[in-house]
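What follows is chain A paired twice: with chain B in the first complex and chain C in the second.
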Partner chain A sequence: MIRYYYYHILYVGMMNIMVLVPYVLISHRFNGAVSSFPLAIVFGTVYSFVTSAVFQRFPGLGLPEIYKLFLPVWLANCLNLIGVAVWSTAGVIVLFSYSNTVGIFFNPEASSYLNLAIMAAACLWAATRSSRSVQFTHEILLIICSPLILWILFKAVFSSWLDWDAIRLVAGEGIRKPPSMTCFFAATFVFSGHMNITLFNRLNPGNLKFRLRWTIPIIGAFFLLVSFFVPIGFHGTQAVGNYLYVWSVTTDSLMMKYGFIQRVLYLFLLLYTFLSLLFVMNTWHTGMEFFKACFKRYKPLTDEVNVPAINWWICVVLAGTTFAYAYFTNDMINRVAAEVWLTVRFFIESILIVLLLVFLFMKKKGYQRRPIPSRTQTNGGAGP
Partner chain B sequence: MLDKIREILGDPADFTSETMDNGYARLSICFFPGMCDMDQLKDAIIVPFTYRFDPDEFRRMLQSSVAFMKDVPFDHVVDYVLKGYVGLEYEGEIFVFRAIRRMQTAPDQTQVEASLQGPQSAFTENLDLNMTLVRNLYNVPELSVENFEPENMSKSKIVLLYDRTKRNETTLKEVRKRLEALDKGLMMSAGQLAKQLSQAKYRLFPITQITERPDRLSIHLNKGKLAVMMDGSRFAVLLPVHFFDFMYAMDDHYEPSWMSRFLIGLRYVSMLLTLLLPALYISIVSYNPEVFRVQLAFTIDGSRAAVPYPSFIEVLLMLFMIEALIEASLRLPRSVGSTAATVGGLILGQAAQQAGLVSSIMIIVTSVVAISNFVIPNSTFSYFIRILKYAFVAVSIFAGLVGVVVALFMLVVYLCNMRSFGEPYLALFQSKAGKASN
Partner chain C sequence: MIGKRLLSVVSCLALLVLGGCQLKDIDKRYFVVSAGFDYSNNTAKPYRVTLRLALPSSKVEEGGAMSVVQTVDAPSIAEAVRHLKATVDKELEFGHCREFILGRELVEKDGIDTSMQWLTRRRDIQSVSNIMIGEPDALSVVSLKPKSERYPGNSLFLSFGNEGTESAHTVTTYLFDLYRRLYETGLDPVLPVAGVFQDAYKIDRAAMLNKNKAKLYLDPEETLIFNMTSFGVNNTILVMPDKPINVVLAATNTKAKIDLKGGKDPVAVVQVKIEGFLEQSPPFLLEQDWGGLERKMGEHFSEQAERLLYKIRDAGVDPYGFGLHYLADHHNAKGSWEKWNRLYPQIRFEVRTSVSIQGSGLIR
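Coming up: the complex of A and B.
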């Protein structure tokens, strides 16, 4: 069961190669991006360790339930709503930016709302499913996609067109500059897969022991370094700043000489469509579950066969928000919004880590307000 | 008694009802001669009544023998007679004797699920013989057999099988509940039974599996799952099933493991091909020809040069032709079979392409799709896949390559969301049988 935790870490790491982070890092490549990497690795690893250790001690409980154990209800609901805002906006931003990217490369003459509509409809339906189904979908899609994506990344790293001099130049210069705060906040997002345990801990059984946690810094560092240095190696230190969709153009420089599809770009974009849909499904599902947890009516169910109608209403609101966002913004405003989101997310995450440590301390001393409930009820049984 | 029974049955012409008198006592007997085994009837009733006619002896035989059921309420006698039993009245008491004619005494040959090296015997339409076949293969005392006799027009005998030590209690309760609540109409085949057990009309994938092989049923029972058999149908219903069970033929147990892994991989590739290839053809040819490498893109475009209409019309036309061909080949009489196949192949292939109605690449795509469809071992599942590919074609017409990928994502979510009697349908590394789905 711990493999689901690692799936989240893996796929958030892989997502970052494409979506939000590289633009921020590359635009600051001469101003302290590289020196923020070691800091980001350390912070990201520490945060992952803290969340896994704390949630291990509250088996079967998600974050809203843990809030209700230790905090008064009004405070718990406020924190829940903050969580809803952070998670849902992530999905909205990623959905808009990815549907734009895919529209530019696959359907340049079509309306930009067409791709958004298709992807929003799919994510809407997928996010309304029960948590256990979402988890199974994660597993299957990651097992299908990750070998191919890792193969593309290794192809890029070992390609003869990769210029190690450019990489050495940027790394050597950059490590001496003081770290840039924006880059630090963005780089920690690569490790943010651990935040998903705040919801999916509801599905974890009681005697979970997290092993192999030493792989987390290795995985995160790999994705962080690859997503920053490989475009610099392919395009050069100056030219890499000219591109809006950096990684798409980087994979376009790769070639599969003997395959059906010669330009790796198309394969890369199709695989990343799966990953983006996964990401948005996950974030919208989490946001929806946190919103439902504010109301007493909705018990936390993890395996219901017929989802309650409120799921659909919330996800329709989220999809509508995405369309409204798409109407009022363009690519550049989106990137500014993404930077702002990454910064806000880091502060919320830090506050959450401190809160979790406080909760652990309170549990040890026995300061709970309510007794710990038994494992969240599943409504599985035999369905249709 | 005889008059009443004859009245209830409406005095049919194939019904025998006689009163025999051997000088010492009278015996009224009624049965359907076509449904009864006359040898058993003769040996058990007529010969003793005629030759060992001492009333005491005959009464002792009727009372003590296990073959004669007594204290049967009158309205049930008619049901028994309709099933092939013999109704007797002797000295005012009513007895029922089982002498059902067996139409088969040997197991059938496998017709739908063939295997190269495994056993070739299949179930028959007689429930007792099927139970014998199962018991021969799954020869342990933990095999539980439960009877269900629903009150419908076919009065079919249904039997539920499971291994007592390995089964999942939740699933068992749910299946029992559904077997109690079966429909009141005619039930003639295991397929109908499976449909009623599934209880959802618009499902895209089956949650039960139908098999004619006793060895498949035994493997299924050994995993802790349930099986339902019906008298009169040579197929058994296996449940609950997972997605992976459908891609798995019996030969995978009997062949060496590398061979079977290769074949399972081949089946998955075929399933993806038959599902996606028409949709990919439309989206690549009409939306994004630059996806393919240059030489391939030119070849495809060149072969389409003579075709006067867009690619999706070509695809729909060829798909309709191949579906009609497959459906017609089920019903062709043997004498015209080969003629029709030749005509179909020639016309669909060569002539249509030469006339410029379809491109040659489309012919190849269609034949790959048709052949890959039949690589899937389970016929119900391959029907569902055949239908699902039209959904992908529709999506690709409107949304191109991105639409196909998004539709594939939705298919995976749909499969992961399905539960087959409480167990997840598509989930890797699931817990072993016997533990509750947690």
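Coming up: the complex of A and C.
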């Protein structure tokens, strides 16, 4: 079961490319991107350890249920709504940047709303499923695409066209500059896979031990360094700043000479279609469940066979928001929005970490408002 | 209930059909296989763009490649390509075009910058396209139709990299590499020079650019040495004059590494490791003095390479990236780039070559 936890860590690490993290970092490459990395690694690791340690002590409970244990209803609902906002906007931003990138490289002649419509339909379907289905979908998609993504990343790292002098220059100069806060916020995103436990802890059994947690800083640091330094190695210290779709162009600089198609770019974009679908599915599903948790009659079910109609309504609203967002913004505004989102996300995450530690303290002292609810059905939902 | 299900299935299937919207069929497209940019000496329309368009054919055989060449003059490359569309009946498709030829006159008079802006901005042009200088102009290189082509345009791209022929005289420059060199501090662009020679392409020279314009053209022997010392290209040769015939080593493996030694008065050290077999030699030469021959060949190569390095240095270009290496060593500290610009014109080079001969072939 612990593998489901690490799937989230792994996929968010790979997903940073679509959330424009490399773009933010590379635009600050000479003023403080590199020196913010050690800080980000420390913060990301500590946060992951805290969340996993706290949620281990509340087995089978998601974040809304924990709120209910300790907080008055109005405050719990407010916090839930903040969660809805943060999670859902992430899905909206990623969906838009994905459809934009695909529109540019895959199908330039078609309307960008067409790409968005097809992708939004898939995300809508995936996100409305029960939590258990979402988790299984996550596993399947990740197992399909992560070997190939890692293959592309390693192909890039070991390419003879990678200029190590450029990497050394940026690393050597950057580490001597004071860290940039924007870069710090962006870089911590790579580690924020642990946040998905806030919902998916509902599926975790009581005796779950979080083993292998020492791998989190290694996985995170690997993806962070690769997604920042490989484009610099391929495009040089100066020209890399001119590219808007920096990772798409970097994978386009690789070649599969005897491959089915020579341009690695198409394989890469196809894999990131899966990853984006995964990301939007997870974020919208989480947002949806948090929203539903605001209602009094809501029961945190994880294994429904027939999902309630409210799931569809919430996700349709989110999909509609994406269309409205796509209509009113453009690529440049989206980049700013992504940067703002990365910053806000870090603050919310920090507040949540503090709250969780407070909850842990309250639990030890016995300041609970309500008893811990008995575990809801876990028989796969097959029973009546 | 069944009606509702059916409706949802049908509407999902309808989504699939959407993918075909606004898409042009393959038979309504012209595949551009190579493109050439020239300088027309007409100030109103300085750019002459030549495109070679493949005619799709049902059979694939040597000499069966059919193509047409279209050319037009315009104030800019983008306008020229748009204008060219008026002369053809199908949509131009650049997705398969991997050869871009810049005319020699264009590179000398106008520079590569304007062409690069167009090439890197276009989303359908591959970053692994080969860029070269066309001699005497791009038009003559683009309009050549070699008899050995299986399908239009493949002759030219097989010449580069190690896809088809592995020629040691051919410098391979990809679009992303050229773009990086165009902007990088301390690393200058280098381009292969392609000419037409008896119904085939001859790509055995290289041009060194000072960012935008060509400063130095290497002859084939120098290009070979440049390729070995800069890119570590495999399958090259190493020649040492001797009597009655020259000693020729077929190098199967070449590795090169640059380094800067010394603090105040740095020496640029190029370490080259060459492995290979003798391909031509006077009889019994190797067994007389194996180590001595290796050393002599190494010294001879170092001498040639140093001469080339000084020539490149005196032309004021830095295709090896010594400057970038210097900046990386000094963490790009303030003033180090200015310091390097003062240092480079007087820098000394030292090439250390270690040749390892693995055998004399099948005979002694």
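By definition in this document, the second predicted complex is superposed on the first by the 374 of 384 C-alpha atoms of A that agree within 3 Å, B and C clash if a C-alpha of one lies under 4 Å from a C-alpha of the other, contacts with A are read in each partner's own complex, and residues count from 1 in each chain.
We adopt the following convention: contacts are C-beta pairs under 8 Å (C-beta built on N, C-alpha and C of every residue); 3 or more make two chains touch, one makes a residue touch a chain.
Note that the coordinates shown come from a computational prediction; the quantities given were computed from them, not determined experimentally.
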item: Partner chain in contact with A:Phe234 - chain B first, chain C second, else both or neither; value: second
item: Partner chain in contact with A:Arg176 - chain B first, chain C second, else both or neither; value: second
item: First (chain B), second (chain C), both or neither touched by A:Ile104; value: second
item: Which of chain B and chain C A:Asp252 touches, first, second, both or neither; value: second
item: Partner chain(s) touched by A:Leu270 [first = chain B, second = chain C, both, neither]; value: first
item: Chain B versus chain C as contact partner of A:Asn242, first or second or both or neither; value: second
item: Touched partner set for A:Ala166, first chain B, second chain C, both or neither; value: second
item: Partner chain(s) touched by A:Leu114 [first = chain B, second = chain C, both, neither]; value: both
item: Which superposed partner A:Arg129 touches (first chain B, second chain C, both, neither); value: first
item: Contacts on chain A seen with chain B and repeated with chain C across the two complexes; value: 107, 114, 118, 262-263
item: Complex interface listing, chain C residues touching chain A; value: 12, 15, 18-19, 21-24, 120, 123-124, 126-128, 163, 174, 176-177, 179-185, 187, 232, 321, 324-325, 327-329, 331-333
item: Of chain A, residues touching chain C in the complex; value: 104-105, 107-111, 114, 117-118, 121, 160-161, 163, 165-166, 168-169, 172-173, 176, 234-240, 242, 249, 252-255, 257, 262-263
item: Touch list for chain A against partner chain B, complex; value: 3, 102, 106-107, 114-115, 118-119, 122, 125-126, 129-130, 132-134, 136-137, 139-141, 143, 205, 259-263, 266, 270, 273-274, 277, 281, 305, 378, 380-384
item: Touching residues on chain B, where the partner in the complex is chain A; value: 170-171, 173-175, 198-200, 287-288, 290-294, 296, 399-403, 405-407, 409-410, 412-413, 416-417, 419, 421-422, 424, 426-429, 437-438
